[in-house]
Amino acid sequence: MSQSTPQPIASPVEADTPPRKSRSALFVQGAIWGFVVLELIFFSVAGRFLSVSDTAFLDLDNMLLLLKQSAPIGIIALGMTIIMINGNIDLSVGATFALSAIVLLDSMTWPFMAAMGDWAIPLAWLFALGTGVVLGAINGLIVWKTGVDAFIVTLGSMLGYRGLVFMYNGEQPTSHLNWTLVDFAEAQFLGLHTATWFLLGTVLVLWLVMTRTVHGRNAYAIGNNREAAVNAGIRVGPHFLINFMLIGFLAALSAVVFYSESGSVNPNDGMLYELWAITAVVLGGTKLSGGYGSIISTLGGVIAIQLLRKGLGYIGADTETVNLVIGLILIAVLFLDRQLNRKGSEELKI
Amino acid sequence: MTALTKAGIGGLLARQGILVAFVVFMIVFAIANPRFIDIDNVSGVIRSSAILGVMALGVTFVVIGGNLDLSVGSMMSFSTIVVLDLHDTLGPTLAIPAMFALTLCLGAFIGFLVGYLRLNSLIVTLGMLSAIHGLTLMWSGGQNMDIADKWGTWFGFFGRGSIAGVPVPILMFALAAVVLSLVLSKTPFGRKVYAVGGNGTAATFSGVPRARVVFMTYIISAACVATAGLMQASRSLGSQNTVGQGMELEVLAAVILGGASLLGGSGTIFKTVIGVLILGFIQNGLLLIGLEFYVQYVVTWVIIILAVWLDVAAKRSRLWSPIA
Amino acid sequence: MTQPVLRLEGIVKTFPGVRALDGVDLEVRPGEVHALMGENGAGKSTLMKVLGGILQPNEGRIYIAEQPTVMTSPIEAKGKGVVFIHQELSLADELTVAENIFLGELPRKSFGRVDWARLYAETDAILSQLRVRFDARTRVGDLSIANQQMVEIARALTVDPRAVIFDEPTASLTDAEKSVLFDVIADLQKKGVGIIYISHRMEEIFRITDRISVLRDGSYRGTLVTKDTSEDEVTQLMIGRSLDLSRNASHHELGEVALEVRGLSCGHLYRDVSFNVRKGEVLGFYGLVGAGRTEIAETLFGLRTPDAGTIRIDGKEARITSPIDAIRQGIGLVPEDRKGQGLVLGMNCRDNMTLPQVDGLTSGPFVSDGAEIEIFDRYKDKLDIRTPSWRQTVGNLSGGNQQKIVIGKWLSMRPEVLIVDEPTRGIDVGSKSEIHNLIRDLAAQGYAVIVISSEMPEVLHVSDRIVAMYSGKVMREFTSEEVTEDSLIQAISGIVPDRAA
Amino acid sequence: MTRTLTAALAATTMLTGAAMAQDTMIIGITQNNVGVDSYQTTYEQAFIAAAEANDAVETVVLDAGGDVARQIAQMEDLIQQQVDAIIIWPTNGEAVIPAVRKASQADIPVIVTNSNIAEQGQDFIASFSGPDNITQGQRAAEIMCDKFKADGIETEAKIVQISGQPGYTTAIERAQGFEERLPEVCPDVELMETQPGDWNREKSQQVMEAFLTKYDDIDGVYAGDDNMGVGALNAAKAAGRAGDITFVGATNFAVGYDAMAAGEYWGSIYQSPVDDAEAALQTAIDVLNGEDVPKLNYFDTPKITQDNMQEFDKPVF
């Protein structure tokens, strides 16, 4: 009997780095950026023939605008990524967005706030963000304490929060135009718009959270194999709660960024945002079943959608084409993703 | 002994919780406003719930089969617009089968993607929600679609007619519910839907053609949508392109209220009908006691959470979830 | 005598309507490997959950190093030195080896950041202790099942444990891996760690344990010293009677060849496989996990597409591209994963049993209740399925009864060939022998039966002939007369015997 | 480096832009929600047709799909593409003001169409072109009141209102005009309840069904447009109570016109999307040509009832 001598393989402990991606993951996560590049090429070329505009699609200013315009859905989609990695879903973000916006704009008209002048602005932001966190916490607590599936819980609160939006101010829009706030929101710093800074800042922070912190890694573990996480002593409930509070916060942040600039919210605003956010997250390759996904790829998904809208408008596509193309591209990407991840002929036919 | 009785009540609540809630709810509203249980009002509510209801019947199949269908609202707009347009070009006798054929094609496409290609149903039907809306706008050119000669057609029968004093939409809803209930609970196909939704792999290992079963659930859903579109078109003899917009979530809410699990494998047609009626009566009841329409959103929220909570609590026989 | 590392005293745990544990005592000494045995449902897993902090006992005490202790969560238990290694893999396969090993206790730096340097350093230390050959940064999903099991075991070593509980740790390990595991256990023993070892495999129990405690029906039946007892004695304690595991070749005449497979290949899963099985015969397939046995069964059942080869049923060439084809041509498959593949757990007993033939049980367009109940009742009696009613949800039955439902499902179809994959996996000893007898009976009734198993006693017990597989190839075929344990082990380990045939 | 590149790009685009401006003017439009009803669709078609008929004009036609964020993005895109003028059909009369200001800061004249933006934004627009929705509401109240007077029930009549999509300026203004004017002309008529019908015929039909159950006595229905008015009419017909009720709508749709011809529907406000679109385009062209354009450029939307409907063509939508 030849006894193979045990050879302990010590992996070289490199600097303080998070786990590296396997090659297939890198390929799949890179795919969305490939798609973005494809769109850019297509619209630049098609735009030459179809657009009445004289400015090029790839104009730097246009690309900066692209980032800025991606911000409202983008910030929400980033939060949705975490929720989905965690194995949940949140359909109520659109309503949370609207309710936070109402608090933001209405609070500035409260007498004591009005008396504070422009100092009311940061306080109004705080109120709006607080609203988002509270609404998220309600979802999180219900999911945690009742054990009802997040899809159902947030489908319910999507209706419920929207009801609250209407109850706040009837069917009237809530408005407060503050030019200081608008100027801040429209400002450009180092060429990037305020909204872009918020978007990129959120990307950076959430990327760090998901790749470097214990909370982030536990969120992956819970979404990946909840029972294993529970057995390993990870308290699933508080992580759910934190992540729902986080997405509530981000929906509110999105509202803060957007309504600082626009100053008026209709009670219907933010409808369908949840669906766009989920679309962006899925385009970015995050698994609906949880446990797998990346913040950076979601950014790619958000940009891909915004680029599609912008580009279709640029080449003069009409409403029906835009709807048809966006719907079919979503399905096509899902199909491609599946083909790329197939195991080939040895797969079990179940 | 008392524990046993308690368990008995708990068991009843668990099994028929939604029915109990429905009865309690009706009694409370009837006391608040006796007109609520007026036969005209009741028949009115059922009639206006019929369209949503027929769609919910189809989605029940999809959900029990373990999938979702978010495209039904958009598809219903499509059917309505198509049948109205074809009514004036082909005549009503040809328009109805033609519309059914086209709608079933859409259902078959979704069924193919979800059943045979195994793509995620949430995303597929989300994509189709948008794509079908595009198709509808292309078909209609974005115009409202109205039948030219509203007084010279029998087409209004499905939405406005009545047989022996009972409005036709109610009859169609009831007929669809009975037929589909039999299909789901009594036929081999119905059994397979439960098996595929309950454990698709085990169903495959038992020789159940999983892909075909899923495909068929979407065909049934599309057929229900087409029926709903027919009722809708017939009822108003004209329509906007957005007539079904947002209904997918109402439909889903009704199915969930009825207690179908989104994981698949459970739910019944009867319970879905109760879910539909609850939604319809909430809306009507709140209007009757003079509350604004949006209060119904909040009430629906609370009722959905409570209903589903009660259901899962009964299944695990404890109120609060075991999540640490 | 040293004080025990762990002692349970009069543990009682009740669930609504059930007394799952009824005053159980257990004592584990330092450096001891203590086997815990009992049939499924005897209360082993409940006891371990109590010990692991997942469940709280209603009565009784837990002492760790003679200190009375209350543990309210797995993490608390681990903190007190009691570590649980689960039977079913509970790993997050998208995460790395290191993250899985330290799941729930990732080392932290400021601001809740993960201390990666420390994480990898500690992981490497543990992995080298286990002598495994994969990197701490590998994604767990990319590892083989056996390596994943090693990750599971590595988890126990992140703390200085006082007591480690192994629940069926060898279910998916090769012999080489098993011996590494046993080395690890020996190392732990040397450090004075107490070990609770749960297994149904007698050979392992007698190879590595010092004492054996037995549970039956939730109560403690006694502790035996391993070297002073016998398999028979343990079995008797567990089930109250002894178990027949003798060779059991058929005494009846064999019939025609029911199934003949020639040169079947499927990718790198298996190559050039040929065998046949006659009516009235039990053909055993023995080999390690991953040797290609299950994959052959799945191919015969239409779930995999072979690259080459022919399948003949009753002498006629069969084309099988789906389970429906397979069923139509008389093949039934009792799959290895009972809960995942065999049953729709949320459906009732009757509906599960009649599922493959529900199309044929109709009167008019509807399923005939009467026909279904008749079939169910017939096989309920025949297989002695213990359930109050056909309405019972299958998920509520015991493992043995669930398996009988799956077997009944195929018997009621009257198949030409019945394939049974791991017939007794996760089934307690008592039901095990029932199922073995059942398989023998089926053969006696003229069915052709293929049994796939990883348990040598089982294969030896039920088979008339045995096909030994190694790494996708048929190594050798044995008749029950010629087979010996040694030759079988050699064959499935890839050692080609000097055949003078 | 980047800066010089952008500068160079900007310079070339400005050059070509200037060169182009001599022969054609590029006008961008961002509409509210095309396809949601015939009015908006017909508007778009009429706008495109009018622009094609005019060789001096090229257009960039965008649709915000009812989403204010998308509309603001489209405003930014149009500014970035350096169109010569922007026409906006606001999704929200206030939220678009900063975007409108941005256009005006970029020296691009903005023409608001169909539904005006709020007071604070008036400094930044070149003109508003569209119907006067408050006046429309007032006129509807007058139509309703006149009919009640003719029927002799102006002292006891009870009515309900079905308003447009909550939050949209047009809906708010029409309801406001109606609710302000009614007590002035018919002080004894009681408006019992208002519910939104979301510009949706089906929704309106459901709302009306509930009203019919709730109130035994309904003498009149004011609907924010004919689409909803016909929905209400359908509900009343189904309940057999259409004959007792005076239906008044706004934005006369073809279905409303037909119902009027059939004697089931009393009156509405005649408002053509073709006029609306052409007026908006003409206003933009006038502004670009440096002509003097009034700040509020209403096109006339007269009353239409069964009595005078022969003076009007049947609407095309």
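Note that the chains take the letters A, B, C and D in the order they are written out, and that residue 1 is the start of every chain.
Keep in mind that, in the parts below, a residue touches a chain if its C-beta (ideal position, glycine included) is under 8 Å from a C-beta of that chain, and two chains touch if they have at least 3 such contacts.
Going by UniProt, the chains are A = Autoinducer 2 import system permease protein LsrD; B = Ribose ABC transporter permease; C = Ribose ABC transporter ATP-binding protein; D = Sugar transporter.
Quick caveat: nothing in here was measured; it's all calculated off a predicted structure.
> Compare the CA centroid of chain A with every other chain's and tell me the farthest one.
C
> Distance from the CA centroid of chain B to that of chain C, rounded to the nearest Å?
Measuring from centre to centre gives 44 Å for this pair.
> Determine the centre-to-centre distance between chain A and chain B, using the mean Cα coordinates as centres, and give it in whole Å.
Result: the chain centres lie 30 Å from each other.
> Measure off the straight-line distance from the CA centroid of chain A to the CA centroid of chain D (Sugar transporter), and report it in whole Å.
Those two chain centres are 34 Å apart.
> Would you mind listing the residues of chain C that make contact with two or more other chains?
73, 303, 322 - these are the residues of chain C that touch more than one other chain.
> Give the residues of chain D (Sugar transporter) that touch two or more other chains, as numbers and ranges in rising order.
In chain D (Sugar transporter), residues 34-35, 196 touch at least two other chains, as defined above.
> What parts of chain A, by residue number, touch at least two of the other chains?
166, 170, 230, 319-320, 322, 349-350
> Going by the touch definition at the top, which pairs of chains touch each other?
After working through each pair, the chains in contact turn out to be A-B, A-C, A-D, B-C, B-D.
> Spell out the residues on chain C that touch chain A in their complex, using ranges where they run on.
Residue list for chain C touching chain A: 54, 73-76, 78, 84, 86, 90-96, 98-99, 103-106, 108, 111-117, 120-121, 124, 127-129, 131-137, 139, 142, 155, 266-269, 298, 302-305, 307, 322.
> Residues of chain D (Sugar transporter) touching chain B in their complex?
For chain D (Sugar transporter) paired with chain B, touching residues are 34-38, 40-42, 44-45, 193, 195-196, 199-202, 205-207, 209-210, 212-214, 227, 230-231, 234, 237-239, 253-255, 258, 262, 317.
> What residues of chain B sit close enough to touch chain C in their complex?
For chain B paired with chain C, touching residues are 182, 186-188, 191-192, 194-195, 198-199, 201-209, 265-266, 317, 324.
> Mind pulling up the chain C residues that touch chain B in the complex?
16, 73, 301, 303, 322-324, 326-327, 333, 335, 340-347, 351, 355-356, 358-359, 361-362, 365-367, 409
> Along chain B, where are the residues that touch chain D (Sugar transporter) in the complex?
Touch list, chain B to chain D (Sugar transporter): 35, 38, 40-41, 44, 47-48, 137, 141-144, 146, 150-151, 160, 232, 235-236, 238-243, 283-284, 287-288, 290, 292-293.
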